[in-house]
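Here subunit A shows up in two complexes: once beside subunit B, once beside subunit C.
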Partner chain A sequence: MSNTAVMENQKPVRRASGRVPWLDWMVMPTLAVLALVVGYPVVYTLMLSVQDYNLLDIVPGGYVGAGNYSSLFSDPVFWTALYNTAVYTFGSVFVSALLGLIFALLLDNLAGPQFRAVRALLLVPWAVPFVVVAFLFRYMYMQNGGIVNEMLLWSGLIDHPVPWLNNAALAMPAVMVANIWAMAPFFFLLLSAALSGIPNEVIESARVDRARTWSMIWHIKLPFLRNPLIVSSLLMIIANFNDFAKIWAMTQGGPGFSTTTLVVYVYRLAFENFEFGYASATGVIWLLLLLVFAVAYVRALRMN
Partner chain B sequence: MTSIHSCRRVSALFATSALAMAAVVTAATAQEKITLTFANWASAEAATRPGIEKVIADFEAANPNIEIESEAISFSEIARQLVLRVRSGNPPDVSQLAGNDTFLLAATGKLEPLDEYVARLDVELTGLEDLRLDSKLIALPWNHAPAGLWYNKAIMEEAGLDPENPPKTIDELMEAMAAVKESQPDVIPLGLDTTNRAFSMSSNWPWMRTFGAQPVGEGATGAESPEMKAYLQWMRDLAQKGYIDPGRKIGEFRPLAAQDKVAFHWDQVLLQGVIQSTNGMSDEEFYEHWGVAAMPTGPGGESHSFEGGHQLVMFADSEKKEAAWKFMQYLATSPDAIANYTVSYNSSLPPLQEAPEALSEELDTPIFNAFRERIIPTVAPQPYGPDFAAASTAVMAGVQQAVTGTEPIDDIAASVQSQLDRQ
Partner chain C sequence: MSNEETFPSSAALGASSSRTDAWQRSGKVVQMAAIGFALVWSLAPVYWMLSTSLKTELEATRLDPTLWPHEPTLANYIGLGGGTLPFVSFFFNTVVSCFLTALIAVVVATPAAYALSRAQFRLRTSIGYTVLIVRMLPMIVLLAPLYLLLLNAQLLDSLSGLVVGFTTFGLPFAVWMMKSFIDAVPIEVEEAARVDGYPRWQVLLRVVVPLVFPGILTTGTFVFMEAWNNLIYPLTFITSLDKQTLPAALVLTFTGQFKTDWGGMMAAATITTLPLMIAFFAVQRSMVRGLTSGAVAGA
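Presenting the complex of A and B:
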């Protein structure tokens, strides 16, 4: 029997009869819910983004076409926010992934209760709610009485307390440290699981070939970790792009605009100035940028 | 047997009728009972919750046909939530508001003008003029809470300063702060809110005005005026000399003030209540320890202050306006509410031209007298309105840049102005 004949024989009977399978109809409620929960806000945001719509105005906003977008592109705060978003997102994800990888490799193959305890301890920051992380670090960074300054003063590394969150140059790195502290355990967890999934035969044959530790990491383990690392990084890039709680609780986007990211800027525009039209235009740009990473994420998943 | 049965039947009939009558009466009473929704942050804050709950309970006892449904919303969230509720057609009947938030809500056109209601009052109110928009009264003053320069007499004495002679000019203030910094390095010389929010702009507005600066509003001279640059430079000096602790909200200085960690503090009249509830000081101890004065004068030679008091607004969509007004009137003007909440829990001044005799003793304190006589006359109106929040973001971002960065003041002023121009 030829291949074509086999395929023809395998065609579903229902489809051949021209009717839509009942299982296909089962997805309709899900699609309807998605259209309502995701589709409607997106479409409404697109519509608002071409209007001069302020929630405080008694008269409803009018159509301004691309007016909000052209204002946005000449808005220096928007560009600052975009730059800060990139620094915060990629910086945090890169360092967290690196730390997670280092800890995962260091603790790989180490058995015993003491190492189990270390693993558990390393995962604790991931369990702390983001807002708690933000307030924890905010108080640790305080100029007067913050533990970070107290320890640095005590050790003689600094003469005067450092205004970690109140210095335009230091605020972003300080917020990122808090973010990295909270996020690195995620990478550690994921990469540890991926390491334990490397087939024993591969490790054994490398040992038989007398591969050294570094060679084993570089040629055996890292290639196995490549895909989990890409997928988890993309996931975290998307999550950090949307990270509002930590930044707002720690600095509210300041001092000046030094930690204002896109999500903080959208919040200020929409819920402090009530400029829903302009905020929606910013939101659309933000959505488009997120879509790029979302598509990359889906592709990475398919590749896997 | 028959007579026993018929007797039981009659009794049952009576009992049923009585129950039915009771049900009808209850239903009628329930129908007559008016439920008012009251959005406020007084019941969201632990310090004021018992006070407002007592006042509401007293009002309900005196007005059995009115029930108050208190909706606790935090101070920082209330404007956002109310604007969204107004737009979705679901506002409360009455709300507590303050500062620019009152004017934000008024901009929606959904606040009931109160001129006719106030005209019916048999007491004279203060502070009405600052609550007018397009000549309509948009809110009822609930209390007055202007800001003054609080000074810690113990810290001043330890710094070799005269505790009964607080600084009267900016230069004297700088000298006093230098003395404090030198003698007590752990003490924050000046508690000043430099966060980026509309309240912070309100709080800093009098300092800008004392330098003659007016970045926005009617008669504005912009952010690049020499006066505004002088103010920004002064703020930078304060930070560089370690006289202020940037980034703290006003409320975060209050516990420190209660622990003698703040020498001078720019705060509202309610600070007394917060300090006493934190450290348990008696009134006498407090007056020995703390004093309050008008803002030191700057190059313009004038003191300024801001009104941080709370207002009550009625929403135009309310279907129970008479009951709502009765409740608002009770909160703002009744001696019981003033004694049990305004003065005791909120440590603020009532909005009455003449205080009720029953309260004259409670209101005759060194702090209240200083506010009434020397500080309230310096309260300057602010450019409140729909654009104030956006202007605040731009101006306070500039203040933060001046305080925390090294960028030239000219560049910061130009950046603030360019943002103001975009609005």
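Presenting the complex of A and C:
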């Protein structure tokens, strides 16, 4: 209290010393580093994207203008990769968000040490490194002796082992299940936090109105969760758009191109064929797509 | 905080009370069953990894998998120490490169975060959002130019090159995370110190830094975790196996060493997971802050 009183008296001092020019310059080291490790590569990518640049060529090819872009649009693998990216991203994010939401609501009412432990245990999958998630599921998906097939056979849901990752139709859903397993805890954690942030008076007054569990969820809790849900979904859409480790370590984009997303495609172009020019053009298209989500995200964040 | 059993209104309703009680009791059963299912879904794969890592090679590849190891053995873990693969180096490389990245990120980011949080220059907001968008750029887009950059700087196939790569996502992340910690420090604390006559830089070092130190540790841990998780940079920038990080080593050696040795693979996976798990639970409480500030966009 007395402290605040002092502050009131000192107001003029506070104002006078408010502006210290060198404070502004403290952002410079960060900007300098980012300019070098991010700014420069982005500009370089734009330049590469209009060149025929293959690392293996002795004489690098020259400027080809929109050449890379036009061949990109007639490249069926590009369209497949774009489609796969959309399926992988939106499918995984939607299901994870739904699972996270359901479990956050289910555990919302439960207090006490045992439920704190449950909450912590539900976060475990998120702490598993992506590469480990990939190998773990690869092991569980094995056709012969894999635990997934074993359990499905045992429960009678299938009558012969399924080659989950070697079947073009099943590989994508199988990879998505692994991804959802790893990502759902993120939504669970964030939505739980949002739920516990609902002011008690709101809950109390709703209870006085004898709101039943369902209407409480529908009319009180879900509206409160809308913004956190939008923000976290956008965040995970961006993250999944960029996801490489899980897909690469599980299927390397196969079989065929069935799990080839844009990241995997660019990686292959650049580091297996060394087609840096073409890969960069693909990267630029993708950068533009991503910017749409990044801008949406920043706007959603501002609104909060 | 709120409550199902304290939903007392129904008891007071008289006539419909017993029906409502029964409805609520069955609701409770469904709720518990769902929670049980969630636990199994979350933990079973991790249990499977641990259990397999303790199995003999023969047992790990059985056509009828055993739920728990019949002859538990540490052979897989011991094998990692003295096997044909330099696992100790993988571990060491990962720890060193991730730690260096975390250190550089917090040292460079903290002043920037302070300026973005407290100073009043014109471009403050724009710079803040630019950093946030940089954070979201797909690493793969930076990959080819970074590769050429490191090639020219003779940093390919070195831990320093790896640290440069990790900085692309670690630094912008740290800026936003630190900003949220600094925003939380009441400005009155700093003003009080200034009133006492301390120059601004001393206020920073003696008042602000100690106050946000837990935030610095948390941010560093986060950057460390993300670098630990990264696969694409080590895979592209490191060419000799003994300089490789754990995640990339798992991918690269799978076709050779671990082709059939799932027990060994799962032991290696467990070792890769453990440090991340420990770090994760150490910062779990402050995680939500990072999530909501927009810093975590996991790449």
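Side notes on the structure shown:
In this text, the second predicted complex is superposed on the first by the 276 of 304 C-alpha atoms of A that agree within 3 Å, B and C clash if a C-alpha of one lies under 4 Å from a C-alpha of the other, contacts with A are read in each partner's own complex, and residues count from 1 in each chain.
By our rule, a residue touches a chain if its C-beta (ideal position, glycine included) is under 8 Å from a C-beta of that chain, and two chains touch if they have at least 3 such contacts.
Computed from a predicted model, the values in this text were never measured in an experiment.
Judged by the touch definition given at the top, the superposed model places A:V292 against neither subunit B nor subunit C. Of the two partner chains placed by the overlay, subunit B and subunit C both lie in contact with A:N144. Within the superposed three-chain model, A:A66 lies out of touch with both subunit B and subunit C [touch as defined at top].
In the superposed model, A:D24 lies in contact with subunit C only, and not with subunit B. Once chain A of one complex is fitted onto chain A of the other, the partner contacts of A:L190 are limited to subunit C, with no touch recorded for subunit B. Contact with subunit C, but none with subunit B, is seen for A:P129 once the two complexes are overlaid on the shared chain. In the superposition on chain A, A:G254 makes contact with subunit B only, while subunit C stays out of contact range. A count of residues in subunit A touched by subunit B and by subunit C gives the higher number to C. In the superposition on chain A, contact of A:F271 is made with both subunit B and subunit C. On subunit A, the surface patch touched by subunit B in one complex and by subunit C in the other comprises residues 144, 271. Against subunit B, the residues of subunit A that register as touching in their complex are 54-58, 71, 75-77, 143-144, 160, 163, 165-169, 171, 251-257, 268, 271-275. Residues of subunit C that touch subunit A in their complex: 1-4, 6-7, 9-10, 27, 31, 34-35, 38-39, 41-43, 45-46, 48-49, 52, 61-65, 108-109, 111-112, 114-116, 118-121, 127, 129, 131-134, 136-149, 164-165, 167-168, 171-172, 175, 188, 191-192, 194-195, 200, 228-232, 236, 246-248, 250-251, 254, 262, 265-266, 269, 272-273, 276-277, 280-281, 284, 287-288, 291-292, 294, 296-299. Residues of subunit B that touch subunit A in their complex: 80, 83-84, 87, 104, 107-109, 186, 188, 195-198, 242, 245-247, 256, 261, 386, 389-390, 393, 397-398, 400-401, 403-405, 407, 415, 418-419, 422. The residues of subunit A lying in touch with subunit C in their complex are 3-4, 6-7, 10, 13-14, 17-20, 23-27, 29-31, 33-34, 37-38, 40-42, 44-45, 48, 102-103, 106-109, 111, 118, 120-132, 135-137, 139-140, 144-147, 150, 181, 185-186, 189-190, 193, 196, 200, 203, 207, 210, 213, 228, 231-232, 235-236, 238-239, 241-242, 244-245, 248-249, 262-263, 266-267, 270-271, 276, 279-280, 283-284, 286-287, 290-291, 293-295, 297-298, 301, 304.
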